[in-house]
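Labels for the chains are A, B, C, D and E, by order of writing; each one numbers its residues from 1.
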Amino acid sequence: MSIALIIEQLLNGLQLGVMLFLIAAGLTLIFGVMGLINLAHGSLYMIGAFACAAVAAATGSFWIGLVASLAAAAAAGALMEVAVIRRLYERDHLDQVLATFALILILSEGMRWLFGSFPLYLDIPPVLQGAVPLPGGGQYQLYRLAIIGVGIVVAVGLYLLISRTRLGMRIRAGESDREMIAALGVDIRTLYTVVFALGAALAGLAGALVGALQSVQVGMGEPALILAFVVIVIGGIGSIKGALVGAVLVGVVDTMGRFLLPKLLALALPASQANSVGAALASMLIYIVMALILAFRPRGLFAGQA
Amino acid sequence: EPVKIGVITTLSGGGAGLGVDTRDALVLAFKKAGNKDVELVIEDDAQKPELAVQIAEKMIQSDKVDLMTGIIWSNLAMAVVPNTVAQDVIYLSPNAGPSALAGANCHKNYFNVAYQNDNFHEAMGQYANQDYKKTFILAPNYPAGKDSLTGFKRYYKGELAGELYTQVGQTDYAAEIAQIRASGADSVFFFLPGGMGIAFMKQYAQSGVGLPVLGPSFSFSQDVLPAVGDAALGVKNSASWSKDLDNEANKEFVEAFQAEYGRLPSIYAAQSWDTANLILSALAKASVKDKDAFRAALKEADFKSVRGEFTFNTNQHPIQNIYVREVVKEGDVLTNKIIGTAFEKHGDAYVEQCKM
Amino acid sequence: MMAGVSRETWISAVLVALLVAVPLAATAAGEPFYVTLATRIAILALAAVGLNIALGLGGLVSFGHAAFFGLGGYVAGIFAAHAFNGAPLPFGFAATTAMPVIWLVAIALCGLVALPIGAISLRTAGVYFIMITLAFAQMIYYFAVSWPDYGGEDGLSIYVRNSFPGLNTAQPLPYFLLCLGLLAAGLVLFWCIQGSRFGAALEASRQNATRLAAVGITPFGIRLAAFVISAMVTGLAGALFADLNRFVSPSMLSWHMSGELIVLIILGGKGRLFGPLAGAMVYVLFEYALGGITERWQFFLGLILLGVVLFARGGFLGLLAGKARHG
Amino acid sequence: MAEPILQLSEIRKTFGALKATDGVSLDLRKGEIHALIGPNGAGKSTLIHQICGSIRPDSGTIRFLGEDMAGLDMAARVRKGLGRSFQISSLAPEFSALRNVMLAVQARQGSSYRFFRPVAGDRSLTGPAMAMLERVGLEKRAKVPAAELSHGERRQLEIAIALALEPKAFLFDEPMAGLGPEGSKRLTGFLDGLRHEAPILLVEHDMDAVFALADRISVLVYGRIIATGTVAEIRSDPEVRRAYLGDAA
Amino acid sequence: MSLLVLDRVESFYGASQALFGVKLTIEDGEVVALMGRNGMGKTTTISSILGLVRPRAGSIRFAGKELAGLRPHRIARLGLGLVPEGRRCFPNLTVEENLLVAARGSDWTLGRVTELFPRLGERRSQYANTLSGGEQQMLAIGRALMTNPRLLILDEATEGLAPVIRQDIWAAIRKLKAAGQSILVVDKTLSELLPVADRCFVLEKGVTVFEGTPDALTPELQDRYLGV
């Protein structure tokens, strides 16, 4: 096992983590601030991916597609908030679960209606194609490096927004007492729509970025959603820092687990068995990690102040 | 009273492309035949076994179908087929071919019109011997995936640079690609149907690994190619069918399909088309109500297969040629072209275990 | 109390009457599929009644109850498989196809598994609880997916439905009646718990656990007991479900399944005795009816569900009975 | 003199750099009302929390009826006979006032794992519960969900629940807060009688009530007890006047 | 023109009516006391003014503008500053952030508020959930002042405060009054309240039953309406 391989795998873990962070950031914001469980967050991710693929196909430019993905997801998010979500803040989590579950059905089937059942494809823009050499002799896909970069920029930006600006203060105040912040003269309703749209846009961005890597299809949101939930719960709901740490943790643990567990087991078991047992254990790994973390830190790694 | 055929197939989710082709070819075949006595009851299984089971129950009990077909995935087939055939309903598989149903659990009401799961992979194992000494192999971690690698290894003589099982439905293969890069392999064999194959190929192409890839047609079939793009050009893959296969039935099929749907048919469409024609050929000879006669008629396989010569083995699985194809570009369209034959009149490895 | 019979009670009575009458009529008319449909409703309702104990009464939103549903299912499947090929069960027990035995094993197993899962999960609360229960269910799910002995991802077929002394379970109607009986038992259990002192403590733990502790009742014990009972009931339903489909696969353990159980409860009206039944009826029937009309049924199902949440607080029962449930 | 019912010795608790409780020793004797007063943020609530078990002290011992409470959680301490009210009301909001009290009655009876037999109409629960509501003057509001009670009514309900536990000692954290003048007067009279049922450790800022009720007063400032004594002693203590009373005495 | 006028206001919680006809007026620069036993509707009246509870009948005018139908933040921006019952500081914000979060206008600044309540200055970067009850109360008042309201509404603002601090708060209220600030106060301690109030309103079961100067609220009336 070479150093280059290990570095490459770590980068893979990091890239997966950053991806998860982009989805999870919006989710944790919406969840932490509005106390809303939004199962349809994965659908926003899907919408971003579809918007990017469709616009990129029509204009021939990935970058225009990327802008479209942000716009489409933000618009869809705002629309969703105004039409449905807004009525749910006062309700308990279960109503939110059902309503946003219904939104998943509607949006997925709606997308299928619009775009058909076949996956769309989206190509990596020319400047980001190919691989770059790594120190230590390996190679790494340029596009994935770019994703890592985007994730870091977003993380820093969000952190500053939430902790340093008055908007962030108001968001956090709304998180603990919505009625009170309104009674102090802050238009919390609009603020919430903005936050929701922001979270949606991040999810849409993630969808577009991933779309170019994988494929754009109906149903791509749900697995991502579950992982994003794992991430924000590990990190501590509402915490941007937590989402970042949780995401990278999940990304690295998952990637390294899949990579190393079969090899470790091969020391004790026959090869084919080690492979399948290893693969099984590896898929369980992040859930085991999550259960362990919650068992010892019941409110996640960076539990909020409240 | 029309003959009712229940079609359970995957019309939504990552595997939808496969089911849509299956359905479209089936519908078209019956339409072309102008047979007014056939009624199709089509339902989406969303690639979920338990849903497939419920649909099957409904088709048998409520729609009272005479025949069933349509299932793409082995795990769904394993859930539906045993109970269906036990209720004396004839089932014809247009795609899935799990080894269990070919061997010990074969059944007189079960006909596989497609292949036994191992077949295409065996062919690729055979073919790989020509050029490669050290292949890296990977497939999803489910029994059809295991059948696949078993099939490959049954014929491959070189060394394995690595053997990996991925998750079913996995969409990111960065970790696997890293291992391929580090393995010192001279080639990569992978079985990843539908969206999985698209994702793998796109990422592989960008990774800079650059080793030649090969696989069964599932990894490079017509539903996958447009999304993968030029990265697939020149890739070798194995199948019992290709659109350029030179026979009357195939020409007619490809033309009709393209005219009707504006796209090229995939292997799934071809197999499904054959299934429809097999049914039609049997209907011409016997009534579905007379099960014995109908089964006998099916068994004769007296239809013009788009795959050329086609007969049933004693376990009611195909004996057919398996070809090696290459991905080529015709105009802007990526498609496959036959470049050789891996096996002639190939059956499967489980037929001995079938007591029928 | 004659005059005090509430509208909710009336509506519930109608639901139950429908559930019983339709299959009888369908059998008479030679349409066994409707019996199967009714059986599915009864079983899903039972599973949801189980979850409703934890979720509706205790506010314990378990997003991992599919684990118990699936475990129950696997008990039925594994017994059937061993009985079919004559191999003894693990630990050398002889396999049987007798449903009562299978049910007891399923219930006991789910109770045993729920105990540690509950004990660990209950250290957390709220959303964290939702997610940690999901985590445990996912672990069991991936275990089942990758454990080849019982089919792994492909699942396990039950070639012959398990048996019940004195009944032909292969026939739709007797099997339906069996499931109906168990559903009734589940409902009685729920009703008893709801009205009991335990139920009062459980509901208090949902509303304000600190208050409960401050009167000297440890919330942990109350919740754990509720979680375990809830898992046992859902596990029993799982065993029935496997026998209904004559098939069990990891998808019974998946998070979709957990989600569906939750949806059934909210749809019907959470914390209400007949909520799960109403939810299961509405959901299964919509699925069936819409599926018959349009390929895009999921779209419309989504719209309907959305309508229920937004405009029918308290679920369908709440909508029809027109008042919030009393505390 | 008989052994105190509740005895704290050298309790310490820090939050980061803040010494919230800085070596507090204090006792509560049979039949008395012991008032604990002190400026806001002095650590009174923190001390109550440590006694009832929702915060663990860093060091020191708490003995109740001769038994060391270390290692017992909140519920266990309540079962031993420590009844408390919260500074900020803590009720089961969906339950009616009556059911809130019934919960305390069933807890006292230790019968919370009974799965059968409905509670509604169970006279062994409703009887005592109703009696408690009457004692605090909330009987007319018995059927109203706690969430719909006004602030002051919730405070009354808190007291009723504490009474229903029939504890061997009461810990009241600002029971008067939120009560109107009438309510305060009434509660004062009520607590006066209650001390004979069980002694009371009373945290309260309402000096009229404290001076009317307390047998002894301890003054807590910055986590330390700076004075303990009778009403007269405390009123005239210049240090206490400066730190706490101002010209209210 | 009066600063605030409530006329026959009726409000509900769901189906249950809490206010049955509340009348209240406040002139510019006046300190008005709103009184009544527990549960008589004082807090509900305040919530109705701020639009947190929507009145179904009657009218509420602030500086001549009808408030009906306005959303709470619009109402607050007209110049109403609320110190709510139970403090309701934002626990996950620091003291300083609590003060800044809704700050408007320029009269009251961070500096002036910490001058009024030095304790808040000392705790400026501490999270509000770790403050003692009294500290939180000061914070709630400071937070309302930071919005530079034309009318300050104090609902039980001295509840749970140590006598010295209460004296400070009453002193602060008197200072505000002297500076011409209009204030609506709810407080149970009549001995402290009556001396600062210019006028009093008493509610009983959601209806205004008394209006007048503190002197007019005789011991008999106090006994009848407030049980003193």
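As a convention for this text, contacts are C-beta pairs under 8 Å (C-beta built on N, C-alpha and C of every residue); 3 or more make two chains touch, one makes a residue touch a chain.
Only a predicted model underlies this, so the values are computations on that prediction, with no experimental measurement involved.
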Intersection of contact partners for subunit A and subunit E: none
Graph distance between subunit B and subunit C, where chains that touch are linked: 1
Common touching chains of subunit E and subunit B: A
Chain centre separation in whole Å, for subunit D relative to subunit A (CA means): 48
Approximate Å spacing (C-alpha centroids) for the pair subunit D, subunit E: 29
Distance from the mean Cα position of subunit B to that of subunit A, given in whole angstrom: 34
Euclidean distance of C-alpha centroids - subunit B vs subunit D, Å: 74
Residue numbers of subunit B (touch at least two other chains): 11-12, 141
Residues of subunit A whose C-beta touches two or more other chains: 112, 276, 279-280, 283
Residues of subunit C whose C-beta touches two or more other chains: 145-146, 148, 298
Chain-chain contacts as defined at top: A-B, A-C, A-E, B-C, C-D, D-E
Subunit C contact footprint on subunit D (complex, rising order): 52, 54, 73-76, 78-79, 84, 86, 90-96, 99-100, 102-104, 106-108, 111-120, 125, 145, 161, 164-165
Residues of subunit A that touch subunit C when the two form their complex: 31, 37, 84, 87-88, 91, 93-95, 97-99, 101-106, 108-110, 112-113, 226, 229-230, 233, 237, 276-277, 279-280, 283-284, 287-288, 290-291, 294-295, 298-300
Partner subunit D, residues of subunit E touching it in the complex: 13, 16, 36-40, 43, 85-86, 130-135, 137, 156, 159-167, 188-190, 226-228
Interface residues, subunit C side, partner subunit A - complex: 55, 61, 120, 123-128, 130-132, 134-136, 138-139, 142-143, 145-148, 255, 259, 262-263, 265-267, 270, 296, 298-299, 301-306, 308-310, 313
Residue ranges of subunit C in contact with subunit B within the complex: 31-34, 36-37, 40, 145-146, 148, 151-155, 157, 159, 172, 245-247, 249, 251-252, 288, 291, 295, 298
